[in-house]
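Structures for review follow.
Shared chain: chain A. Partners: chain B in the first complex, chain C in the second.
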Partner chain A sequence: MRAALAQASLIRHRARTILAVLGVAVAAAMLLDMVMLATGMRESFRELLLSRGFEIRLAPKGTLPFDTDATIPGVSAIIATLRKNPDIREISPVLGASIHVLTGNRDVSGSALGINPSVQGDYELLSGRDVTTSDALVASDHLLRQLVARVGDTLNVATGYDPQTRTYSGQRKLVVTGRVRFIYGATDQSSAAMRRETLEGMNPQSRDRASLFMVRVRSGADAEQVRDWIDKQLPDVTAISIATAIAQVDERLSYFRQLALILGAVSLFVGFLLVTTLVTVSVNERVGEIAVMRAIGVSRSHVVEQIVLEGVAISLAGAVLGLALGLVTARYLNTILSAFPGLPMAIDFFLFQPRAAWSALGLLIVSSIGAGIYPAWRAASLPIAESLRREAIA
Partner chain B sequence: MLLAFLLASLLAQDSSSVGRSPNAAIRRQPRTIAIDDAFAERAHLKVGDRVSISVAPGMAGDIVVVGAIVKRGADPSEVARGDLRVRMHLDQLQAVAGYGDRVDRFAISTTPAADIPRLIDRINGVAFGFQAYRSRDIAVETSRTFQVVSRFHRAIGIITIVASSVFLLCIMVLKVEERRRDIAALRLMGISRATVMRAIVIEAALVAVLGSALGVAIGWAISLVVNWHYQALYQTPLAFSIVTAPTIAFAVSLSLLLGITAGVMASLRLVRTPPLALFGR
Partner chain C sequence: MSAVTEFPLVSLREVRRDYALGAERVHALQGVTLDVERGDYVAIVGPSGCGKSTLLNLIGVIDQPTSGTVAIEGRRVEAMSDREATQFRLRNIGFVFQRFYLMPILSALENVALPMAEAKVPKVERLHRATELLKYVGLGNRERHRPSELSGGEQQRVAIARALANGPTLLLADEPTGELDARTGTEIISLFQRLNNDGTTLVVVTHDEDLASAARRKIHMRDGRVVDA
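Right after this comes the complex of A and B.
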């Protein structure tokens, strides 16, 4: 009965209802996008860091991984120290360096990682085989495209140059054994990976040094406790757990979270205002009708429920439409932000999580119930006789 | 410059390196460095203080004197990074960092009459292992981050405009429809449809202008709060939000257009309806 009356009231003013539903839909879409932006970025970054199961990273003191060219000396000693902790399962030292691939009279620059293939967590093999031999190299598609090279080709790779003598240093012939996707690399990054000892051999200054250690802890062990232990044992490095990395990224990208919060709140407020206005106007127009209903014995709660139901119906219809619209706009906005230079291609700013959709829907329903309360209260407290008399005179 | 960043971050992270070290004085006459005001504040340093600088914590380093504390310029590329900077003599940084006779980049000043493209071609013709770029091109490349943020803002702006347009249309339609009895009375008194429509549209335009004025005032106040908050958060004099005359003109024009459109739409519906029907008879 209540639903039928609410439906009749909404259908009576079709244009007005459609406009209100559209308004709520746009506000709901914006709200969903902002909830996705506020939570998705952090979740996406956490998933990226945990994708290979390494919970702790060690970087040169005071830096973030690969934020500078600094390296950590004494790789063997650090590994020996880390091995003392039974909670540490695997250690993956990574050495980063710039490389120059010489093809004819061209020099293509890129970055290279020196890794141990049995414990590496930096790339996924797409085709070919991993760097099982000392003269093997795996490369990203972007680098292969730049070099017009493919798996099986031999490349002349150097790690430095001397402008005075016009010669390249650390030259070595390496065979491309595989195509890989670098998990933390940007789409337009020219990257390659080889065994750590190969890269060290090409650049003697980096012998027994690493740019980064990735540490995998035993299942069930507390990563934060292991991080604290590393901090005490190795005061010259910075140990970063997933939680601290996320906190640092949060700090750098706090702008987007705050923007999401502000725009989300504005969207919710706009939706609330729209529903309140519409239902209030609708109640004002139906003063006589409501007074008649009350006069023939319809209870106050019945009137309140019917009017609140109108607000909820508009919000629900708008929310369903807004969900679809929000997913489309989130995809578009994510494409824009994915173009950030140097951003790992696996990072999503707008990550759809069912929890985000439910949060947005829950907020909308709560606000629509709130929006209906004032007009419903006004309608329920109308003086019956006076309203009828005023309506008759009008 | 990269090493200067490294040094700064090392010094900032490990207070034992920043402390006034009495030993390991490599030079008899300590040289001077310039540090950021943020660095000075965080490390409690002032002009004249002696500090030891090294590339790694615990290493014997150079003793230097803080010669100046400088205020960082407004560089958008540094926003949110929180890097601390030390400026020191090139040869000293090369020695401390073991960098040898190397630099990360050269900046070249040219005469006003210089043919810059030709000059760049000549340098690149003989260059080995480095490349010359025009400063303008580097600025374009380094501003990619801001181009992305700008595109994002524009997209958000478009969505906001769509949302506010629907909202405005809805409100204006409701407002005009609320007046159906007044309009019916006017029509029954013999006022022409055109006059009624004009009155409604003028009223809608006035409401839109008043709403826009209030919106501009609220927007301006929010802009002040946004700048105050983000300038304090990122310790930068950069302006994050600027209310410009074209922005105001665009907002007012849009709201006026929407107001008038809504007024026309709603009044057309009302004037086409017989006055008695508007009364509900």
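Right after this comes the complex of A and C.
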């Protein structure tokens, strides 16, 4: 009967109920978006790092991967050292370099990765075939568009350019064998990849050097323990595990996250105030009705339950609508933010994580229940005779 | 052998009720002593502001005396907690108000069933009893109508059926014909007489001479005092 009364009461003031639901929906959507934003980049980054199953990265001492042009010497020796640890399953040395692709009288510059195609974790092949031969090259769509080239074309690629003499060094003809998507690359980045030996051959100074090692550990092994072991064995490199990388990202994004959490808290408070206002207005209008219910023997707690149920119904409807609204706006905002220059295209700013989303919406509903309890209890506790007398005078 | 009770159904002794009205203190009741026996039909009459409704509120356990004692069925009202008073009203007292005060969002049947739902009467039973009560008050064909779809007299009859829902020992009515035309008022007076004849104890506050004359006993009040019982 209480549920029916609550439902009927909401239907009685249809326009007000709809507006209240919309208000809660907007607050819920904003709360959801802020929760997604606060944790989304971090989780997205973690998923990105884990996407190819490499748990540890080795960068030149004191740097982050590809933060500088610095390289690590002695690739063969490092691989030999790493192979001593039975928990290390695969090692993928990556050499980074700038390239110039000469086409007609144009020079399109970009970046190239020298990799071992059997253990690489930097790109996904979209079409064509991988760099199985020393004269093969795979390229991003952005680079191919800039070159007006396609799979099968032969490109004249150089690794160096001297602006004084206007000459290119390390030139080599390479055949585009495939289109790829670079996992850590930005949408507007002109990138290519070739075998590491090919890139080393074009730039002899980088022989037996790598910009980065990606290490895959054995299933069930503790990546942190492996990282500690590498730190001890190879003091000239920085070993970065996923946890370390995320901690560094967390540090860099802390202001961003705090802002999102503050805005989320504001949304929650707005939702709370909205339901409090609505319930207060509703009970003030129904003081006489509530007094009559009490007079005919309806208990105070049942009156409160009925009024709180109205708040809960509004919050639930608002939360469901807000969930949909939040996901739509998050998707739209994500599209805008992901197009920001220089960001890995696989990074999501707004990542839907069910647990965080349910927690946020649950918090909104709980706070709405709390918001309804006080005005409802206050109304149910008014002196019955006095309320009836005032109602009669009114 | 019929059961004999030692105490009247309603017993008030030297009851005073004061209100704060701004800085002033209003003495609504000034030492009222009154008994109402089971099966009685009492009309409380007097000029506006003489304390009739205050007296009815005390008998109906929706207010507490400032001093003195109020006992209904031998139970002291001033000693009851809010929870006890609520349960007492639910089981023992039926209220009829001048303005009916039906729940506008519920049908006539649902309004009558409401106190029974609160008393945890099973749904089938309460709907059956609500239907019977609506028939008793002559509204067997108006079960599904909402208050806004009923005339004033019909609304008051629904309110009377609601007041009877849990089989109260005492039915209280505050100006029950106050909002009705003469013909409809007469119907309500007849209904009250039928209720009293069927064993319901009634206490009615009224300005309506016809309603007061229909009662077995008239109590005149003035300035917070019973002047003629």
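Operating definition for what follows: the second predicted complex is superposed on the first by the 392 of 394 C-alpha atoms of A that agree within 3 Å, B and C clash if a C-alpha of one lies under 4 Å from a C-alpha of the other, contacts with A are read in each partner's own complex, and residues count from 1 in each chain.
The definition used in the following text is that a contact is a pair of C-beta atoms (placed from the backbone, for glycine too) under 8 Å apart; a residue touches a chain by one contact, two chains touch by 3 or more.
What you see is a predicted model, and the numbers here were worked out from it, not measured in a lab.
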Quick check on the superposed pair: does A:8 touch chain B, chain C, both, or neither? Answer first, second, both or neither.
second
Classify the contacts of A:300 with the two partner chains as first (chain B alone), second (chain C alone), both, or neither.
second
Once the structures are superposed on A, label A:254 by its partner contacts, choosing first (chain B), second (chain C), both or neither.
first
Contacts of A:16 with chain B and chain C, given as first, second, both or neither:
first
Quick one: is A:333 in contact with chain B, with chain C, with both, or with neither? Answer first, second, both or neither.
first
Spot which of chain B and chain C makes contact with more residues of chain A, would you?
B
Quick one: is A:289 in contact with chain B, with chain C, with both, or with neither? Answer first, second, both or neither.
second
Just checking: does A:388 make contact with chain B only, chain C only, both, or neither of them? Give me first, second, both or neither.
second
With the two structures laid over each other on chain A, which partner does A:62 touch: chain B (first), chain C (second), both, or neither?
first
Listed in rising order, the residues of chain B that touch chain A in the complex are 2-3, 5-6, 9-10, 12-14, 55-58, 80-82, 127-130, 144-145, 148, 151-152, 155-156, 159-160, 162-164, 166-167, 169-171, 173-174, 177-178, 181, 230, 233, 269
Residue numbers of chain A touching chain B in their complex, please.
13, 15-16, 19-20, 22-23, 26-27, 29-30, 33, 60-63, 68-70, 100, 107, 161-163, 166, 235-236, 238, 251-255, 259, 263, 267, 270, 273-274, 277-278, 281, 284-285, 329, 332-333, 336-337, 339-341, 394
Looking at the complex, which residues from chain C come into contact with chain A?
53-54, 57, 60, 62-63, 82-83, 86-87, 89-91, 93-95, 97-99, 101, 103-106, 110, 113-115, 117-119, 162-163, 166
Touching residues (chain side chain A, partner chain C) in the complex
1, 4-5, 8-9, 11-12, 288-289, 292-300, 302, 383-385, 388-389, 391-392
